[in-house]
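Order of writing sets the chain letters: A, B and C. Residues in each chain are counted from 1.
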Amino acid sequence: RIMRPDDANIAGNVHGGTILKMIEEAGAIISTRHCNSQAGEPSVAALARVERTDFLSPMCIGEVANVSAEITYTSRHSVEVQVNVMSENILTGAKKLTNKATLWYVPLSLKNVNKVLEVPPIQYTRKEQEDEGKKRYEEQKLDRLETKQRNGDVIFPIINPEPHTVGYSQSSLIHLVGPSDCTLLGFVHGGVTMKLMDEVAGIVAARHCKTNIVTASVDAINFHEKIKKGCVITISGRMTFTSNKSMEIEVFVDADPFVDEPRERYRAVSAFFTYVSLSKEGKPLPVPQLLTETEDEKRRFEEGKGRYLQTKAKRQAQMQQAAQQ
Amino acid sequence: RIMRPDDANIAGNVHGGTILKMIEEAGAIISTRHCNSQAGEPSVAALARVERTDFLSPMCIGEVANVSAEITYTSRHSVEVQVNVMSENILTGAKKLTNKATLWYVPLSLKNVNKVLEVPPIQYTRKEQEDEGKKRYEEQKLDRLETKQRNGDVIFPIINPEPHTVGYSQSSLIHLVGPSDCTLLGFVHGGVTMKLMDEVAGIVAARHCKTNIVTASVDAINFHEKIKKGCVITISGRMTFTSNKSMEIEVFVDADPFVDEPRERYRAVSAFFTYVSLSKEGKPLPVPQLLTETEDEKRRFEEGKGRYLQTKAKRQAQMQQAAQQ
Amino acid sequence: RIMRPDDANIAGNVHGGTILKMIEEAGAIISTRHCNSQAGEPSVAALARVERTDFLSPMCIGEVANVSAEITYTSRHSVEVQVNVMSENILTGAKKLTNKATLWYVPLSLKNVNKVLEVPPIQYTRKEQEDEGKKRYEEQKLDRLETKQRNGDVIFPIINPEPHTVGYSQSSLIHLVGPSDCTLLGFVHGGVTMKLMDEVAGIVAARHCKTNIVTASVDAINFHEKIKKGCVITISGRMTFTSNKSMEIEVFVDADPFVDEPRERYRAVSAFFTYVSLSKEGKPLPVPQLLTETEDEKRRFEEGKGRYLQTKAKRQAQMQQAAQQ
């Protein structure tokens, strides 16, 4: 579809969140279709996890987004989907790969939303494909467990913070979940949640560096808990790390089922977003260093640095590999 | 209402699809109101057909759209509505007729959606009005039957197409039907479908000629099949004909009731859209000729030429008639 | 237009904010049209104030909103507009007055947004009309000055608050101002701001009483400061007063022109919203009493009580007057 002014920031760059929402919609369609391809109980595929995603080149207003999706692995209860987004300038015909994403879905019964159904197996053309898929499946399963334990952190408000401290840019947003946000099962689409997360992370980044910012990458996101229609969700973001030219922001999503529900507020999702600051010509700008004050902030900065260096090393290894081929 | 940036393309011209959506909403309101004006089973008017519509002058961001609707004929089971759209520049006070449309609605029972109810007859001021309406009614009925037969065609993807061939510009878009897209009966508003059709047709036209394009006219659209909430719809478009300054695009809408429905994918709507290419000063530009390769493409080109010449002849006859008066 | 699921809460009642947005759009159109009705510098009418508005009966999904607007007074630099909203059930034909609102607009030059232009005078059918209008004009002018002074208050976050305290339900929302939120001058439509204010106030009310809530009335809102495209706005709400069956919530809007602007964060708008809690049958429910802790909270509760009693007395006086006629 064509990118509209509302999909983009004032510099005309499409929000990362808009792209994540399109990716998730494509993934939900293909995996729901697959899970209902054999006779049996009807089901709706719910997003369980999105693997780390890099935004390779910014998309602009007026360009057309081409989204293609393919099922690459099935376990007994989950589906792995690979989604590619190409941006196409229909005036010049130029096409660019915007990003590639890998998503995991789980089929939930349409009649009983707490029941996970079985997934019809796909056919692999080579035995290797299945083995590699299984390896990816095991890895993400382990990672899901780990983040579940980490998930208890809370962002406390800070009064009169200094510029460039963590408290200065931290932000939060509340959203009342409406019918358009939800699947047939009455739960929020994963893509809607990711779009709101990107919105908060973008505001944190812009408050910190006060320039035009764009999403550079999103770390793996695990959806541990479903969010029901009618909930109020609070999305909070704080900066954890800055390199010379990038900012890492941690985002939490808490759901508050406050009408007619006995349940307390709970943490539904958390993730790390990385942003860069762009000049008017689209070149990356230096970013002011994050000032850490408390022990926790310093620890999180070091952890963020670890993730940053690891990603950088991985990317260099990939580039060397590519150069050798 | 005031036209916003999201209603328009990057050159500031309001999408034909936005206007079609407003027209259909006005038609649905007036015909639902009429069908419930007498005591009896409550009903919701569903769009059955839109007659050929010309876009007389482009509307721009910031202008106000004034939409007026009037019932012009009733048969036993259908209502004919005439809708006019005026664009008003509230700064200069200038008003222009943007388009006139004729829509046909059918009242469906609120309790049993497969039951078509009777329409209360309207009063005609002159006997002629009734006769002319009846003639229009018979004509559209015949045309509806014909398009139903034509509806089986499918658009296949083409790999590495040459510029200006049919395969080069053909496009498709997938949309998951949400609650805001639907009427009280849980079926997609005709206006929502037309807006998506216009979006796809616009992408096809822009891919072909790589300039700023606007909707010039829409041929009669017949809504043979309803589309239910929760369906995935695929809207595909391909170019069928080019004259020196216009492009004709055929658009298909297929619905995929992929959850909880035994039904196969089916063709819901099809229609022809005509686009022109505009220079920055708003003047029509020449259009590159469509290169036809297969026998089918050549046949469709000739058929498109037939429609083009017929419309041109009709318009000239009208102008001569107007000149003689 | 037809009310959609997205316009309403999960009980199907249309949000007060949706109605306020429609009212303001109608007011902006009629006053911009009037201000440009004579030759001279083109201008766009900007919302300066909305008088107190009562929501007389709830509107539901599927109903049609009929909005009518009329200019009732002009001063040298401002326009008073009266807007009525009728809800129409197109199935039964039943119409109800949803609310009446009075809005004040000021024409700003399209070329120089800081220049307020002159308003062409309207013709009054009776001298009394002009005198009464002038009286309303003087009253609102006085009230505007007063609220400007009150506007410095800030909502501080509270950690682990007790149920039914002020801190327990207070909420805030951030929103990045996009192109669709703005007028031709690049400033946020008053209606967009009011919709967001109603959203926050509704969340505060629902958090307090955990039931289905609807907007009952909005006190006069003064728009002291314009908000520019690209700003981040923070909308915060806190409960100030509860009667047996109503809740009063104070809402603040702060704008943060954080990209490319030398200006600090500033207070753009503030207002009081009153909500009631409804049972499934649509009857008003008792509301838990607000627990006030600090001196400021107690003071605000007494002030809210004052406003509540004043409104009640006014309404009784009007009813007696109506009964005597």
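Following the convention adopted for this analysis, a contact is a pair of C-beta atoms (placed from the backbone, for glycine too) under 8 Å apart; a residue touches a chain by one contact, two chains touch by 3 or more.
The structure presented is a predicted model; accordingly, all values stated were derived computationally and were not measured.
Looking at contacts between chains, the pair that accounts for the most C-beta pairs is A-C. The pairing of chain A with chain C is characterised as same-residue: of all residue numbers used at this interface, over half are used by both copies.
Work out the mean CA point of chain A and of chain C, and you get 36 Å between them.
Looking at chain B, one finds that residues 5-6, 179-180 touch two or more other chains.
Per the touch definition, chain A reaches chain B in the complex via residues 1-2, 4-6, 25-26, 28-29, 32-33, 36, 42-44, 61-62, 64, 90-93, 110, 179-180, 184.
Interface residues of chain B, counted against chain A in their complex, comprise 5-6, 9-10, 163, 171, 173-174, 176, 178-180, 199, 202-203, 206-207, 210-211, 230, 232, 256, 258-260.
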